[in-house]
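We just call them A, B and C in the order they show up, numbering each chain from 1.
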């Protein structure tokens, strides 16, 4: 074989053959689609919400009624019929659902994570982990129905005066729903704690209890926090359970008043569903308010996801 | 395809290897011939140099793993590379088929010529290069496919013409595996024993008929019986292919290779010569120390 | 004295620490079980409301206790002591029977009400012909340039599906010279019966798979026999079905989707693992016991429970009265949505995962995509609904609530999950495999297609099934895109309005809120929805366990 032949042979450039180019571009487009999705969400929410507020609507060429951005962000009354769009009424309900579900899910989730990571035998793990996944897999509409039909009556017998629609039952089911999220991310963080640390603890004569609470949990703390934030962001975005169980009457409640949980209210997501189910004409003020709430919701969850990501990155760097 | 010595023995029977090993004198004579011509400064390529390395250095980030390697690898011979672990012998092997390209941090300097063409030229397609330079890895790594599909893999990806059944059979025979697997070609390659898997990998590497076969410690994960089978096989393969083998086992290098390169710590090629010379009368004292086990 | 005290101290110290540890351990266990137990209790409640087992005659319970429950428990206990592998095999067979029956119900629905088997046959033939042609060509000449190959493939499919000159010609005003294969077949004077078409398509496909499986378990001859046998059985089901009260088309579906695959699995395992054969006692006892019990309660006149989940519920549409309300259009809608979501999200999600794992250079842009995907996974589903509403309905002017828009919105929603799980599956492919392939001179695409994807496929499939499970339970995005909560007929195509199971359940529990719906239709709907989800989850889990134990 002469040198020319080998040069021809070795310089075929298969990297850029049509087949390679085509497949590579397809895969690239798939990956870029995720960026397109995000950009579309942001652009859509921002432009539609801009049509809602008086301050920006003229720029978008919108005539007719608009809402003041200050009233939107600081108002505490949400009455579409009277054109009163105070988002705080919705935010307070969302906040209460979040607090309520956190009280249930965070301790239970962390305890579950410790049990799975430090105590459970492989046989039990093999059963418990799929069972926990089922908790997260049950449709939220089913959880909502459970809260309304089975849990609320129980609450009403314990705490008379609780409404048919109440934030407490909704918080309970949302809490149950997000336990697996707290548990699995926290467990990952705990499994990532190097065995050396545990060995060191046992070598000092510590018991399993001491090692779990004194060494593993503190070492995995950033991962645990990251799981908290992620799970709470999920609770904020949760829609169907709260729509069914929490009620449809928007009202501003004090989140730190325990009795307020016995009342019904309208969280942000439920308000969006309600707006859609009511008769709203495309382009009307109510329709555009939908996007204003959507934007608020998106920003809150996005900020929480980013924070959780940053914290999680820290614990990944640690080990 | 090539004008090597093995051409005369083409289609050699699997047991032909014994004849070769029993007849070392002729082998040795030819080999000395080749090495002399290689050592000669005005050698000609036709005399049998297939791969030439000229001042090849490899860096991982800023760490130099291989230090100005210059050597000529003769055609249709077994060239062994030995040295303590971390000496860069595997790194050099992976330069020949540009597998180092896969590591982002790795950077290669110098020229590495295959039949006179620098494989590190910008216009060279590593994929095309690897179709001429087959490779057998340290750990047997058959695909989770049938034995047949494993051997036919190279043919399929190259869109080779010809009767695949025939080539698969031929390759398995050359890899001395045919008799053991001819009734189970549809079964998974992973069901074979470790030694059989490695021979399957060798069959897979030779099926598309490459010019060079690189072997990266091919027997290090195997038991002694499987190892000796692989060694016999390598001996046979040199009839038709140029074999470059990395090993940490000096006895193995002494048994199977025609030429030996000794790499020592720091990615340095200390000595490269006929195997007999390296093991009996090396020029370098460091090599002698290494061979006799004083260090390494 | 002093020594005594000290040792006493140590002992008491030891006891105390042990007590704390033990208490802690049980507290953790209780916390772990809390959610599971609560959910379990709620599911029992809802199942009780939906199925009402207590309304059955005590004799009915007694009969089934004797024929079904006790024998199953007995066999289970016996196998548990003797051979847990055999027990697992038996239980898997029973589970597979249940899951495939559900699946057969869905497929049957498609062929009875949405897609005529004959049209299916026409398109199957139109696709199979060029496919076979291209395959044969490729075998003959392996070194065809890419563009020739791609052009020939496109042309073959175009001609076969659309005819000569087809729609392109129609645009140019040319008359149709040769119609496409589907049109040709459908214009035939004699039309095969529905079940025959189905046997020739679905049945043939299943029989081919059975043949391949049997060939792998045994040898080629066994494969041939098994394949032919399976086809004969499927055909026979269609021919004989009506005599047993099952219409031909559902009978063929039942045979090809449920009976034949389950029987093949059972027989295949029994042949390749003879020591596990005894596990077949489990399905025998369960199925036999159920049949015997059914006959016995019929003969003795014991009434069964007044279950709201019954044939009527599954096959009729919504009604204003809870007793007559059914889930049929919603089930059909969910099936079509799932098909759409799977078709869209699977290639796109796997494609993105392949890019990120195999192609992407380590640079800023890749990291942006990476972070972006994990953030998208956290975006609430209502926001995806708004996206669907805004982009597809408001800006692109599509009509609201169609299968396509619903499917596209749900596909976007689960895309991040599919990408993340596929990436994990691809990452778990050992690097030696890639090295081996690249070392042979394979290109990137060849390595991806022939080595990475086949190896990662079970993992990708598991992740996708779990993600589809998420999509099937989603309601909010469907409400956002304006899917009707009440629909009286099945959607017939991708552009018809669609409802879905969770949406129907939501409508019943909010728009039609009344005691009657709360105690009848909603629990029944919940039971159906949860059963489908549990079936999907269990498939995914079984797949994953099998796949993990293989590695």
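Note that a contact is a pair of C-beta atoms (placed from the backbone, for glycine too) under 8 Å apart; a residue touches a chain by one contact, two chains touch by 3 or more.
Here the structure is a predicted model, which means the values were calculated and not measured.
Greatest centre-to-centre distance from subunit B is found for A, with centres as Cα means.
Of the two chain pairs examined here, A-C and B-C, the one linked by more C-beta pairs in contact is A-C.
Nearest to the common centre of all protein CA atoms is the CA centroid of chain C.
Distance between chain centres (mean CA atoms), subunit A to subunit B: 56 Å. Between subunit A and subunit C, the centres computed from C-alpha atoms are 26 Å apart. Subunit B and subunit C have CA centres that are 49 Å apart. Residues of subunit A in contact with at least two other chains: 14-15. Multi-chain contact residues of subunit C, defined as those touching 2 or more other chains: 443. Touching two or more other chains at once are residues 127-129, 132 of subunit B.
Contacts from subunit A toward subunit B in the complex involve residues 1, 3, 6-7, 9-15. Against subunit A, in their complex, subunit C makes its touches with residues 17-18, 20-21, 24-25, 27-29, 31-32, 34-36, 38-39, 42, 45-46, 146-147, 150, 347-352, 354-356, 358-360, 368-369, 371-376, 378-384, 386-387, 389-391, 394, 412, 415-416, 419, 443-445, 448, 466, 469-470, 472-476, 479-480, 482, 485, 502, 505-506, 509-511, 518, 522, 526, 529-530, 533-534, 537, 541. Of all residues in subunit A, only 14-15, 17-20, 23-24, 26-35, 37-38, 40-41, 44-45, 48, 107-108, 111-112, 114-116, 119-120, 128, 130-135, 137-142, 144-146, 148-151, 176, 179-180, 183, 207-210, 212-213, 230, 233-234, 236-240, 243-244, 269, 272-273, 276-277, 282, 290-291, 294, 297-298, 301-302, 304-306, 309 touch subunit C in the complex they form.
Subunit B makes touch with subunit C in their complex at residues 97, 99, 102, 104, 127-132, 134-135, 137, 139, 141-145, 153-154, 156-161, 186, 201, 204-205, 208.
Within the complex, the subunit C residues that touch subunit B are 142-143, 216, 362, 430, 432-433, 435-443, 446, 450-451, 454-455.
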